[in-house]
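Following are the structures in question.
Presented sequentially are two complexes of subunit A, the first with subunit B as partner and the second with subunit C.
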Partner chain A sequence: MRILLVDDEAELVSTLAERLEIRGIKADWVVSGEEALARAGKENYDLAVLDIKIPRINGIRLKKKLQEKNPNMKFIFMTGHASENDFKVCSIEAGPEFYLVKPVDINTIIKKINKALKISGKKL
Partner chain B sequence: MTAGVSLIPLIFITIIDYNVTQHSMESEFLLHTSRVVSNTRRAISFFFKERRSSVNFIVYDNDFKRLKEPKRLIEILENLKKGFGGFIDLGVIDSTGRQINYVGPYKLQNKDYSGQKWYEHVVAQNLYISDIFMGYRKVPHLVIAVKHVLPDGAFFVLRATLDIKPFENLLCQLEMCGSGDAFIINQKGILQTPSRYHGKILEKISLEVPVFSAKTEVFEEKDLTGENLIIGYRYIEETPFLLVIVKKKREMIKSWQKTRLQLIAFLVISIILILAVTLNSTTHLVNRIYNADEKRVMAIHQAEYANKMASIGRLASGVAHEINNPLAIINEKAGLISDLFTFKKIYAYDEKLLGLVDSIISSVQRCGRITRRLLNFAKQMDVNIEPVNLEKLIHEVLGFLKKEAEYRSIEVSVKADGLPVFETDRGKLQQIFLNIINNAFAAMNEGGHLDIKAKRENNDHISVMISDDGCGIPQKEIEHIFEPFFSTKTGQGGTGLGLSITYGLVQDLGGNISVTSLGEEGTCSTCFTITLPIQMGSKKGKKA
Partner chain C sequence: MNTELDIMSESSLQFFGNVTASISHEINNVLAIINENAGLLEDFILMEDKGIPIDSARLKILAGKISTQIRRADNVVKNMNKFAHSVDKSVKRVDLNDLLKLMVTITNRSASMRGVSIELNTPENPVFITTNEFFLENYLWLCLDLAMDAVDENKSIAVNAEDGKTYVIIRFSRLKGLKDISETRVSRVTQRQDGLLRALKGRLTTDTERGEIILILPKDINR
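Now for the complex of A and B:
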């Protein structure tokens, strides 16, 4: 069970990873789309938590590229800018329930991770 | 201005018509007077000519010898009386001035007239017509005397005395309107016939004697009392007399007065009509312009307001986004600290520190709620359309507030029956009602009343009016009530976002919201009116 966290805010994404780890969920984290693609080339991730607005390559495009590498990968989107358009696009790409607005409660993220993995028939 | 354009020509034409009619009628009065004077003068002139000719005929028809016979003279006098009337006596006077034959009621046989002015006049002029005088007879009369020269160079004078009754009858026959007066005067102004207003016979008239003119003259003059008179006169040729007709102008122009009154009435009625029509149409036009201006100003105001709200929305959205990321970091860091205290034994479990961290997380969550509300206000949330029963929905919302209403004895009445099920976003509509009713509860005292009335406006819209009898909203605050962060509850937990979010939600649903508040604070009620479309269409989201 491999999880990848992607957000350009290193402070946020590293802390989130640490908190998940405390709860027994192993997650890698990166701060750019390029790093995420590089990691995905090496590791086989089951799920990615993506920030929508990341430099150079946005979360939606990154999701598509990651999916090319691993078609079974599941996605959860996070954003600080809850625009209607983002919501629509994310709902199409990942389902409306996998769209979270920052700041996000840790328990909510864990619930969403569980739900996503359950859909793909996996467990933490 | 409009009235002036209509009134000036009307007044101008009426004044011209007034003057022309007045001038024409006055000319007619003068002409009429002139005609009466001329006709009467002709009759009087004929009277004298006839008498003079008859006397002339006597001297030509009878030689001197026969005229000296009393019997013949009696016959002649009788014939004259029968034929012409008005003759009183006849006398034959020889060249010495002695009356040698006389027939008549007085004893004038052998009276000596030599040296008398009339005798000298007839001897010199062959004809004499006297003024009217009393003489010793004490009766007004006049004398016509003609001189006849005999073949031997001698002459005699035939003198006839005439009664003035035919004269008076002639003038009396004139139909003088009202206070008109017709009389004869001599050239000294002595009345020869009685006058109705200007003196008795043989008295001097109060008017000046008109200057000589060979033709009929008419002029205007004022009498001693200031009364305007129209005077027509004519000198009667070969007599010492003037025929004078005097009329009071005031009475003559009575018919003109009637015409004048009609003209003035026409003018006044026309002016009133023009003013009324002009005033009415001008008022109507001004009202229409005023209403159009008001609508324009309102439309501009609404456009400005919508623009302002959109700008504020964009600003709020930007601010919320920028704040959300640092908030997320604070949230995660504080969460981690809390996790460490909770999960790692190497960190001493410290309840106080844990409380502080929870406080940070709680504040972050509070900030998160505010930024979400800001984002909501920026209308960036989805619209989920579904059929909604408005009455049911209102009661659902009131269910949340039931306890508070009971606790504060607030009476709530809902009238929303008979409304169709319509399509809208249930969640947003609930939030709208919740915000407004919450707002109303905050403004009301214990025992207040909240009325919710919903009705169908037309085929396309329904309206909901939510009114309370709370403290009201001052007029200066109503303009800002839908702006974000505008709150009258500062320091009491109000964020100032409730009504601004409500505004955004109503706009999202394709509706409008307005508020009215009556009068001064503490004495009034506030009414929010929400208009919503019955059919929102197929589009899922609506962006302003």
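Now for the complex of A and C:
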């Protein structure tokens, strides 16, 4: 099971990856859309957790580009903004249940990861 | 039809909302990082309960990371406070250097989202001007927004302040894309915000050849 975490706050995303690893979930992390695309070119990720607001390529555009590389990839969006518009866009892109507002609870994110993977017939 | 006052009010509210959203986003990011670090501390404690000893060096690093984020939040809150107090008086004496620093800091997140950096060069000594601080902040924000759309391939805007006898000049340069921007987009700053500029008794010119936006302001709007 391959998971990619994308957020421009390195401190946040690296700690989240470490906490997931403590729970037996291996996740790679990157801090930009460009890095995410480069990684996705080399690795076949099953799921990506994306911050919506990242420099240059926003999370929604990044999702579309990642999907071009891997159409089966699942997505969970994270945001610091809980705006109605963000919720609407993310609901369309990934489903309303795959939208998280920061700060994120580790157990909630694991539940969402499990749920997203279950849809594609996979599990952690 | 909107009156000039309506347009100014709308623009001011939009500006205030944008700045507040950007600041709250920044604070939220800090909280999210502290949340993860606190969670990791809890994880270490739970692991110790299961017989895995806590590495004190790791704890020290975690404490340092949390302190760094608290200092970061403190700076954000100080800037937010400075910004909020800019509406205290309609006209006051302000140090232009400080005001430009504040606006560049506030705009940095939106600049970084667009992959743009802002280099600020101010005179060594304070440059005091008597003006409407909030209107000036609003106008600088509009200029920076336009500059970000017009920035050249190096993606770096230079903002230079020059001190004159009765006026100051704020020059936004490295904007080679200015000639490619539609007049409508430019006019959102130069015309739609005419009221704002008139209230500041300022003048704005664009030099598409040199890639510059030049804002000239009186040192004292009461004169």
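Criterion: the second predicted complex is superposed on the first by the 124 of 124 C-alpha atoms of A that agree within 3 Å, B and C clash if a C-alpha of one lies under 4 Å from a C-alpha of the other, contacts with A are read in each partner's own complex, and residues count from 1 in each chain.
Operating definition for what follows: a residue touches a chain if its C-beta (ideal position, glycine included) is under 8 Å from a C-beta of that chain, and two chains touch if they have at least 3 such contacts.
Since this is a predicted model, take the numbers as computed values, not measurements.
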Side-by-side fit of subunit B and subunit C on subunit A, or clash: clash
Contacts of A:Arg56 with subunit B and subunit C, given as first, second, both or neither: second
Which of subunit B and subunit C A:Ala38 touches, first, second, both or neither: neither
Subunit B versus subunit C as contact partner of A:Met1, first or second or both or neither: neither
Touching partner for A:Ile119 - first (subunit B), second (subunit C), both, neither: neither
Partner chain(s) touched by A:Lys88 [first = subunit B, second = subunit C, both, neither]: first
Which superposed partner A:Glu9 touches (first subunit B, second subunit C, both, neither): both
Candidates 41-49, 77-85, 95-103 or 185-193 of subunit C: the single one with C-alpha clashes against subunit B: 41-49
Shared subunit A contacts, counted only where both subunit B and subunit C touch the same residue: 9, 11-12, 15-16, 18-19, 22, 80-81, 102-104, 106
Subunit B - residues contacting subunit A, complex: 317, 320-325, 327-333, 335-336, 339-340, 343-344, 364-365, 368, 372, 375, 379-382, 541, 543
Parts of subunit A lying in touch with subunit B, wherever the complex brings them together: 9, 11-12, 15-16, 18-19, 22-23, 80-84, 87-88, 101-106
List of subunit A residues in touch with subunit C within their complex: 8-9, 11-12, 15-16, 18-19, 22, 53-56, 58, 80-81, 102-104, 106
Touch list for subunit C against partner subunit A, complex: 21, 24-25, 28-29, 31-37, 39-40, 43, 47, 65, 69, 112-115
